[in-house]
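The following pair of complexes shares a single chain, chain A, combined with chain B in the former and chain C in the latter.
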Partner chain A sequence: MTNRKNIILLSLPFCLFFLLFFLSALFKSLITSFGYYPVLNMKKFTWEYYISALSDASFLSISWRTFLFSVVSAFLACIIGMMIAITLYRHKKDRGIVFRITELPVMLPHIFVVIALFQLLSQTGVVPNILIHLGLLQSTEQFPLLLNDNYQIGVIITYLYKEIPFVIVSLMLVLRQMNDKYEVVALNLGANKFQTFWNVTLPMIQTALVNAFIINFSFNFGSYEVPFLLGNQQKELLPVYIYNYYVQGDITQIPLVMSLNMILSVFSIVFAAVLLVISKKIPGGRIGGNR
Partner chain B sequence: MKNLLNNIWTFIFCALIVIPLIVIFLLAIGSSWNYPDILPQQLEFQNLIKMLFTNSELIHSLTQSILLSLGTIILTLAIAYPTAILLAHYDFFGKKVINLLVYLPLIIPSIALLTNLDFVMIKFSLNGSFVGVVIAHTLFYLPYAIKLLMDNFEQNGNAFESVSKNLGANNWQTFWNVTFPMSKSGLQGAILMTYVVSMTQYLATLLVGDGKFLTLSVRMFPFTTAGKYKIAAIYAFTFLIVTLIPLFLIDKYIIRNRRRG
Partner chain C sequence: MTYFLKKINQVKKDKHILKNIDLAIESNSIVAILGPSGSGKTTLLNILAKIDQPSSGEFTSESDQNPKGIMVFQEYLLFPHMTVAKNITFGLRMSKVKRDDIKERLAKITEVMGISDLVDRYPDELSGGQRQRVALARAMILRPKLLLMDEPFSSLDENLRIEMLNFVQQIQSQFDVTIVFVTHYKNEAYLLSKRIAILIDGSIKQISEPEQLESDPIDIEVAKFLGQANFISGKVTGNTFDSLIYRGEVELKNNPQGYLYIPYANQVTLEKTEYPAFFAEVVNKVWLGSVERVTVRMDSVTVSFDCRPNLVKIGDQYSFYFDKKPVVY
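Let's turn to the complex of A and B:
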């Protein structure tokens, strides 16, 4: 009986907070997206806003572009992060100063990287200048446009700077707990380095890797700051598009914005769920489940 | 030879991480670092130090940032600590649901979450208030804080609590003398990260705060879009001083002392 009382007491703060500020926010935007918006005297439920959202060509193309961009940058961060993590671990550089430096970007705000990139990589920045001094470039115009460009290169660099270290730090926790005797056994039994990695190491770290991928993807997909500063206005990314829609002040557009939000939220949840199910099914899904 | 090559790669990797910090530092202390200079023409430490102590806008931003993050730490811990104990030590109907709910704020795109939250904050008339901004910051770091504390509790197990209760301690005594002291490292991690994450929030502070809370992160933005990198870097530098130095000191003194003891 006391057990039951404890459970209720312990779960109370979380449930209250989530009910008030998370679930209620989701619920409110759900009913608003169906056209229930008493402020404007709209009380009928309708699919109208979903239909117009899903037939809006610019919303669809921006969503697709943002999805591709988020997958590519999250994937790059995971692959590069994994290679660096394994290398550092193999060479016993996973503690001390190198690891401390690796942890740094996780704690820095994105805007730090943005300011530094503007100073370094814009066409009148420090890097093109150094290249000119070295005689590799004749004029600054020859330096490729990397910031506010069509391919979101500036945004991707910023995300990689933050996310590669995040992947390294989260994989390192798993690698340290892992028993590396399995790898020795595999090598002894005649597996080559790639086979050992593919059949032994990767299954042991894949759940941590998938989790890191989901967190990175969701961040890239929904975060506003960096695309706003380093993105290209002709090739908008979704967060900037939605934010502009929301703050433009046209209150009749609110149900439409909320339907966009619902579509994106459902999409992200389904995408994450699919990845988690795949990660459970492939080798290593059950043993590594505690991380 | 292979070792040397490895060291070179490690060095390049570390250099890539540190370069943005060096650029921020040089921007903050240098003057007239414009095209076509490769390095700032003059360094003026005094100016920066004077600004840190006398510029009222900067000091005001700093106080707001710190107050908001203190509020966020308190609210985050008040929610995350009991939830972490619950998920680590108890089995009950609906545990799976809570386990999933905890991670939802990480998965739902933050722009959607924020506009939804702002919308409901207006309904509660919490928009533009200190509490409203603290709630928004808390929502974003809560999943990490719960996970961090939960791992800590799971590592400790609850055998010590059982022993304490067997020996006749009541719930409160067990909590104060066993559970709480044993969770210190998890708590420290959660507090430090909540502090840093709250300091970095931009859009949550701006949107839910109705632009009334001009924290360091919020002020850095317009300077950056206007191309005033030097002043943006001064704010960034202030940010570094108040986050990295405490992190470093705590790590060095508290955590190492414990290892030794």
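Let's turn to the complex of A and C:
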């Protein structure tokens, strides 16, 4: 009983903070999105703003673009991160200097990476200048546009730079607990290397991989500063679109902005939930006992 | 068909793990490889399973230049994310065997193993004995000619272990499979096989039947590993041995180091023989069922051996004899 009391008391500061700041903000956004905005004397609940948002073609196309972009970035980070993690683990480099170096980018803030990319990859940056000095380019204009470009390459590079190490760290924790003899068993029973990876290794790490994908996706889907700084303003992504709406000064649009926000949040949560359900159903989702 | 290991050596990180292993394994037999931990037993099995390649030497058979054994591991190593059925059929599925055949072979093997009612369970829902049967079924469904067992029952309790050893013998005769069984428990090896190879420090020291091993270990290393014996130090002069408890004629083994070998069983007796041993006081007796383990003392030396129950009394002194000429290593 005393133990339970202690747990409640110890968790109280966090719970109060969470209730006050997060849930109150969420609640305020929710009621505003339904048109309840007393500042403007709007006190009637309505679906109007949701209907308006969901019938707005530009919102839908930006949402779809943001979704695809977020999925592709998160997927690439997971695949590349998984390959590096397994390679490091198989070569017993999971605790050495190489692994420590791969961990570094997790600690760097996004803005650091953004500025570093500007310095390196913009058309007046370090890389084009080196290429000119090497005689591989005649002028900086010949260097492809990688930042603020149509394909959001700069944004993707930033995300990959941050997220691949995150995937490596997440998977390494699972790989270290996994008995590597399972792969030996599979090979001895007649499986080839790909079959061993697909049927044994991948299922054993898939829950950690899906979790890393969800975290990466959620970040990509809701991130503002990186697409704002490195993205193409003609092909803006959803968080930038919503924020631009918010700061344009028309406070009668606030309920609409809030409904867009709610749609973005609910979609992220539902998508994550669907992925978790799928992860439970596919091989590796049900694991008990020792690995 | 006989399997041949010819001059197998394994060197890893400058460590010579296996040294010139020569061994012929008759088909449809069980060969036990007995040795202490770290003697190279698992390394040897890994070579037979093609999990590892030897640094030199070859493993062949009369009909196959590149034979491969299927391994049953000590830690079961059932895939935790697969049901029993999926685990057992793993090898067949990877080899793209037809579904109907897989179903039929699964039904047969689970019946033989007595695990038909477990097919939908996951490994963490099974007991140790059930897990080992599943691991055995997973190997046997592939109909291997050579089955390799790496201390498979070491984590089971005594009764279950004996039950499983009997079961392995049944499996061997039923499926006509050759089994190489690795263990560091000599009783396990004796129960299972009539042919035992002693592997110590990467070398096969002796290949014999259990009785022969116990009565005539080839050298002191084997004798000490087999245990259940007293080693009394002394001095060898010609064919005689001089120690605190015994002075007299002995049989000398190769390169004797001056240790009189007195095994617990079948060596010391109260019945008069032509090899008088020692006069000593009984200081302790332990009941072991069909025999008593008696400890006797003379001066500062104690010796233990097995006797018929109630033959001697604690505190009394007796003249003991050797059954046969004692051996000095």
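Everything that follows uses one rule, which is that the second predicted complex is superposed on the first by the 272 of 291 C-alpha atoms of A that agree within 3 Å, B and C clash if a C-alpha of one lies under 4 Å from a C-alpha of the other, contacts with A are read in each partner's own complex, and residues count from 1 in each chain.
Throughout what follows, a residue touches a chain if its C-beta (ideal position, glycine included) is under 8 Å from a C-beta of that chain, and two chains touch if they have at least 3 such contacts.
Fair warning: this is a prediction, and the values are worked out from it, not measured in the lab.
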Three-chain arrangement built on chain A, chain B and chain C clash or fit: fit
Which superposed partner A:274 touches (first chain B, second chain C, both, neither): neither
Partner touching more residues of chain A, whether chain B or chain C: B
Which of chain B and chain C A:7 touches, first, second, both or neither: first
Which of chain B and chain C A:187 touches, first, second, both or neither: second
Shortest CA-CA distance in Å separating chain B from chain C in the superposed model: 15
Touching both chain B and chain C, residues of chain A: none
Of chain A, residues touching chain B in the complex: 3, 6-7, 9-15, 17-18, 21-22, 24-26, 28-29, 32, 84, 87-88, 91, 93, 98, 101-102, 104-105, 107-120, 124-126, 129-130, 132-133, 140, 161, 165, 214-215, 218-219, 221-225, 229, 238-239, 242-243, 246-247, 254, 257-258, 260-262, 264-265, 268-269, 272
List of chain C residues in touch with chain A within their complex: 49-51, 70-71, 73, 75, 77, 79-82, 90-91, 94-95, 122-125, 138-139, 142
Sites on chain A touched by chain C in the complex: 179, 181-182, 184-192, 195, 199-200, 203-204, 283-291
Residue numbers on chain B that touch chain A, as the complex places them: 6, 9-10, 13-14, 16-21, 23-24, 27, 33, 35-38, 78-79, 82-83, 85-86, 90, 92, 98, 101-102, 104-113, 115-120, 123, 135, 138-139, 142, 193, 196, 199-200, 202-203, 207, 217, 220-221, 224-225, 227, 229, 232-233, 236, 239, 243-244, 247
